[in-house]
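We just call them A, B, C and D in the order they show up, numbering each chain from 1.
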Amino acid sequence: MRIGVFICHCGSNIAGTVDCAQVAAKAALFPDVVYATDPMYTCAEPGQAAIEEAIHSHKLDGVVVASCSPRMHEPTFRKTVERAGLNPYMFEMANIREHVSWIGRDIEANTRKATELVRLAVEKLRHNRPLQAQEFPITRRVLIIGGGVAGIQAALDCADGGIPVVLVEREATIGGKMAKLDKTFPTVDCSACILGPKMVDVAQHPLITLYAHAEIEAISGYVGNFSVSIRQRTTYVDWSKCTGCGTCTEKCPSKKSYDHFNEGIAPTTAITIAFPQAIPKKAVINKDFCRQLNGKKCAVCAKVCPTGAIDFAMEDSFVTENVGSIVVATGYDLMDWTIYGQYGHGRYPDVITSLAYERLMNASGPTGGHIVRPSDGKEPKSVVFVQCVGSRDPAIGRPYCSGFCCMYTAKQAILTKDHIQDSQSYVFYMDIRAPGKMYDEFTRRAQEEYGTHYIRGRVSQIFPDGQGQLTVLGMDTLLGRPVEIKADLVVLAVGIEASRGARELAEKLRISYDAYGFFLESHVKLKPVETNTAGVFLAGVCQGAKDIPASVAQGSAAAAKVLTLFARETLASNPQIAQVTAKRCVGCGKCLRCCPFGAIKSSLVKGEEKAEVIATMCQGCGLCTATCPQGAIQLAHATDDHILAEVNALCRL
Amino acid sequence: MMNKTLCLNSALPTKDSNAPNFSQKVAALSQQAIHTCYQCGNCSAGCPAAFAYDLQVNQIMRAVQLNQEDLALSAKSLWLCLGCATCSLRCPNAIDVARVMETLRHLARQQNKITVPVVEKFWLSFLNCLRAFGRSYEIGTMVLYMLRSLRLTTDLDLAPQALAKAKLGLLPHTHAGRAAVGRIFTRFAESEAQSKRDKEASSCN
Amino acid sequence: MPALANNELRIVGFLCNWCSYGGADTAGVARASQPTDLRIIRVPCSGRVDPLFVLKALLNGADGVLVSGCHPRDCHYGTGNFYARRRLEVLKRFLPILGIDPARFSYTWVSASEGQRWQKVVSRFTEEIHALGPAPRFEAVEPLAKACSWTQESKGPVSVISPELLEQLKKAIADKLPELDCVLGWQEGRDLLHSVPLFIRSEDDLTKLRCDATCHNNLVRYLPDLKGQKVGIIVRSCEARSVVQLLQEGLISREELVVFALPCQGLLDLPRLEEALGRYQRLEDLTLTETTLRLRVDGQERVFQTADFRQSRCEQCPGELPAIADQSFGDFSGQTASQTLPPELAFLDSLNLQERMGFWRACMERCILCHACRNSCPMCVCRDQCIAESREPHWQSAEASVKEKFFFQIIHALHLAGRCTGCGECQANCPVGLPIFALRAHLNRIVSELFDGYQAGCDPKAVPPLLTYSQEEAHIHERSWE
Amino acid sequence: MQLAYFPGCSAKGSSLDYELSTQAVMAALGITLKEIADWNCCGSTPAHAVSSLLSSALCARNLDLAARAGADLLATPCPSCLSNLKATSKRLEDASFRQKVNALLDAPCAETLPKTTSVMQAMAELVSLDELAQKAKLSLKGLKLVAYYGCLMSRPAELMQFEDPENPMLMERMLTALGAEMLDFPLKTACCGAAFGIPQRPLTAKNSGRILELAANLGADAIVTCCPLCQMNLDLRQAQAEKAMGRRFALPAPYYTQILGLALGLSPEDLGLAKLVVPMDGLLAKLTPKQAPLASEAPSSEVSE
């Protein structure tokens, strides 16, 4: 074999703490290495050209690049060597940046470590064989999980691009959190007015199949060919008959139901339609509050329903959909702010969340858009907004910023003044984070035009003063004085957390999530929409805090990724899959038993049972290889011999 | 002092010295991550003594972060802190602020920066009685304190009530342990003196 | 802890591509300084890490080995790390019997977002390896010439099959023989004391059948080779468990098998008996009762108490016969479990780590690499495809160094993890008398501890513990890196 | 039942009524308090304000005495003493600190020291709410009370391990069981101004004033206390607080043990009620005999009088 080795300086990123020239000089002495050099930037155009040039001039049949993480540039260099006529798998990388130069300052130790990692890569490459990818057909349909604004955008873009969409929404209506908002910053236009038409488009698009009040039960398969089991949670209303006329909700005698859509600011009926613009506009019975379902005689809804849609015997049902790609847009929930005892653990009715305040201001909300105190229905004159409740609070394990609270708090302060001319708003903040277009100007307007008092400091305690108002103990750090405000209403800008059930969904999707349950993108900067599972993309807040414009942009970005993937009829399989040496196989079936993908089957070879790998199903985990005692099944490019070569390169001195 | 422009450069770390700076020293003594304070002011917001402070708790934390030793240790607030730990309970960075305050108080005492002497006088009066009697002796503490602070009318308004209700024991309790307590105080004084001598000796070198 | 440049130790890391390798990248991007000793080998999944890689590294000079994968439930492939957790925990507990400090090996879970955790893991592990210092090299340790006592105070009798029972058995076999290709039993070998397997194909062969306490060969060893034929086999408790294990693994088929079961009180320990007899020319007669063995050797009458020569293996016999017999003969009520610690294992337990490595070092000097241990093992189903002798994969070099010989023993033992039925044939057949059963017995002990008392070969429907997983492991607790 | 007991200095002086009522209530509940012999002052705030070492040495001597008397649990009625004892136990986990403390003592303190707790928690641990209610002779029905814990009972939270540090409910549970109406009192763990009544009167007057004001606004008949210093500030110094707030409260501030004692049928003398500066007369008048339990509910062993 003739191997060329390239030790990248990466500017000073590597060369700063690794003697690259020395590593190249030592690498030149490794077996089969015929050429070694240390370019400044290997991944840049001249660097790649130099590799191609060296392959031709030195007749190389294998290349090792020592630079950054292969998770970053392995695909780049595979293409480089392929352009020069080599099989792309005759290439190995040594990670001497993230694993060497960036984590230690000792040049001598780093240089030695880099040299050994290059040796490791060379030894591995010596066992490489050319691999050929196979083409396999794909299902050109996409599953979108979550019908908030990000999911809606992704669904519409995909469907407009000609791709059939399966949209699954957990709640009874799509629209997500945006549908609950009154107005949106920084334009203060009506949320329903801009989201509503999009929701209608979803309902009317011929290529979109909507499953509302449904959840993902199980997912199997792989990019191009996923099989998804969807649980249609029972609504006790046959939606094929329900016309959304609302007669049932008017007559339902159980009027103490918790109203999730209105954040519980007022009770509702046991059978409901979330809000007038709901999509689908269908009724759902809340099992916890329905008299009939709790053993009492009632069934009023069934009696009044003109289409006979009520079905108390209905149970969850399951549907299986086959798709080639998945967009996850599951959004967020508010953290449980009632852990804060100093704010009353949730026992003071006039201390509410910002989302509840949106419903209070919303014309379609239970108060018809009149801002009143939940305790006594009186109009508040002194309103205190407290930011960062459950955000940037390491003491409760939530060090992150929720991103959009500063902006909506400014909006709510403005709207409060619009609703109640003689009111005064106070905002307790730590920093005003308003880096978007027209954002900072917006927070200035809240202060300059609307006279909101912004007070820099956290609030230590909120409690009723026994005379009908709330005492807010805060600090004005700019004044250097503790301050006390008598408030009629306190609105908490409660921090966000990953949507309930996000972790379980991540496990089904085989994608990663961070310590707070937000899904992990492939690369923070360069692959913000992709996940580590091919064919699964992210959109919206499920990936991290972001506002509506960013969620919409990411929804479109995810759709673009799906359309890119589906631009072809077939996909190339990863050729780094398991292969069986039939001679060595004794047909014990241990590999079949362990394979997570069911990608190994038993077949008769000359009358004997042998394992056989289904190439398009194998994902290349290598569990079978570690399981087979005879070493009869080997994962290409991670064979026992590859790994032994690496172990020996490190240990046999 | 409050209105003086502070020169922050003076607190630059020196290259060849391994000696911890003031902030690190306070962090080590209090075992608190001072550097994580992000000045939200929650400590001050809930502080029951804040109205009497010359420097708010969060400002004291800031002074420590910026190595403003003199500013931090001269604050009267150190002596007015009630030790109620509301600040610690609600700190979003889980800093035990009350412990930092106590650490600063110890340091201020070591440097003889006692900016509210009456408070220290009250403590010392209490401890003197304790040293003598092994248990607290309220009348004795009061008398000593009044003599020390020259505030001869302290709580005179309460005296009729207190006496009528026999709130204060007129005589110290008698118990066998008083001698043992006295010895604890004697040894403590010796150890304090010794560590002071050690410090002086090391600073001379 | 910044390891001093010239003071580096050799630490090998196996990191899964999706989580831990990404976590190490994240740590790098955050410039989280770490000791430089660790060298990382990227694998697709922690489930790809064959425990033998870890041992290869440790035997070849690594001072520490770290495996890191995705957190349980977060595996990119769904279940790979669940398998890894079981296998690596077994491995960690296996190391001490070899004389290797288990602290030299660790496994953990680090996600791609946990750069800080990775920094902590690397720093702590490196610190711990430095505290242990350079690992002793197997080929360089002082051999410990200490004899391992195999004798064990015996309580039970040995098996004697009455002539009536033997006739009953013969008749049953004769009845069944027309439907069978052959029936496996025992016959007299070079003399009355030494048995060899008997392949009964005709009624004539039946006259040679013997079934007493001298017949120690585990006949199950021949069954996989006879796959496709209809075979009968005579089993006692130990053979029965081997049959069950092969059935579990699908290597023999129940439909092709007719099982004739005999009760067993215990077998004679032939190597010890031979030692007691000394050299002899002719064994003229043998009379066996449950308690005494009478031999006429070179014209001399010799009498032995069978209790003194009962196989130590029979002391650990679980007794009860797994329910697989087609036909049973005699009274099975006398089979009781005693469950004492095998003497080899008790001996090794009494040594410290350094002594154990020295002891194995001395053993491996005597090993002649004849592979009799493997060839007699009913569970060694790889046959000609044993990875100890293959070129591809190339696990072992041809050199007969103590290290390579030891690695062969490790391969055999680890391939038996959760599968060994404890028949002891490996050790019984060792021509140089190495106490290698200790390795298997220790593994059986680990498997039993970790998996709720699991014993191989008891339940034909059980799934071997290393070929399955549970999402929450009752007895495996991840170490904290705090 | 026996409980090792550290009364604290106030018990023998300014809070003699707390001591009397604690002893009386515990006796009525069948718990004997065994005072550790020869105890000394815990050092209170002044000791730890001057030096943690001095404070811990003073406390360590007491813990050691209790350990030598065979106690594995030591209860004290005073939150301030408890706080010092607990802080000492925590600090003594550090071997080098323990060495320094031992150097100040006559002899090194015992290896294993007793755990410490408040009399209130010990009582709740030993006597269930049902038992308490059963033993009551009078009903607190009609009384509107607020419970006030002060700072040290629950802070620092990790050290004191007392209920939800922002909203402890132990006194509420006890007094509700006896029929009282307990008002939600958001300032129940606010600071009363501690020992600063002497050197910095405004600190105490304003803070106590704030607490009394809220209790008065809520319409409480009394503010129930559990700390000698808090009680002194709210009761003896109530006039100072009234002056600072510019309004009159006349709000009794009894110890919880005094209220429990009343419900248990103990006499005002046994409970030292006369020592309260703000009198409880109005409140006493509201007490009613407990309604006889319905026949079916009456314990069979009870002998009818």
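Note that contacts are C-beta pairs under 8 Å (C-beta built on N, C-alpha and C of every residue); 3 or more make two chains touch, one makes a residue touch a chain.
Quantities reported herein were computed from a predicted structural model and do not represent experimental measurements.
Under the touch definition stated at the top, chain B and chain D share these contacting partners: A. Ranking all chains by how far their C-alpha centres lie from the centre of chain D, first place goes to C.
Put simply, the chain closest to the centre of the protein, by Cα centroids, is A. Between the CA-based centres of chain A and chain D the separation comes to 52 Å, rounded to the whole angstrom. The distance from the centre of chain B to the centre of chain C, each centre being the mean of the chain's C-alpha atoms, comes to 68 Å.
Rounded to whole angstrom units, the spacing between the C-alpha centres of chain C and chain D is 66.
Counting partners per residue, chain B has 51, 86 as the residues that reach two or more other chains. Contact of a single residue of chain A with at least two other chains is seen at positions 342, 461.
For chain C, the set of residues touching two or more other chains is empty. Because contacts link the chains in a way that matches no line, ring, star or complete pattern, their graph is best described as other. Shown are all chain pairs that touch, namely A-B, A-C, A-D, B-D. Interface residues of chain A, counted against chain C in their complex, comprise 69-72, 95, 97-100, 102-106, 108-110, 112-113, 116-117, 120, 506-507, 510, 512-515, 520, 532-533, 576, 581, 583-584, 586-590, 593-594, 596-597, 607, 619-623, 625-627, 629-632, 634-635, 638-641, 643-644, 646-648, 650-653. Interface of chain A with chain D (complex): residues 340-342, 344-345, 347, 461, 463-467. The touching residues of chain D, counted against chain A in their complex, run 164-167, 184, 186-187, 214, 216-219. Chain A meets chain B in the complex at residues 342, 388, 392-396, 430, 456-461, 473-477, 480-483. Listed in rising order, the residues of chain C touching chain A in the complex are 2-3, 5, 8, 10, 12, 17-19, 21-22, 24-25, 27-29, 31-36, 39-45, 47-50, 53, 56-57, 60-62, 70, 73-80, 83, 87, 111-114, 119, 224, 228, 249-251, 381-383, 385-387, 390, 392-395, 415, 463, 467-468.
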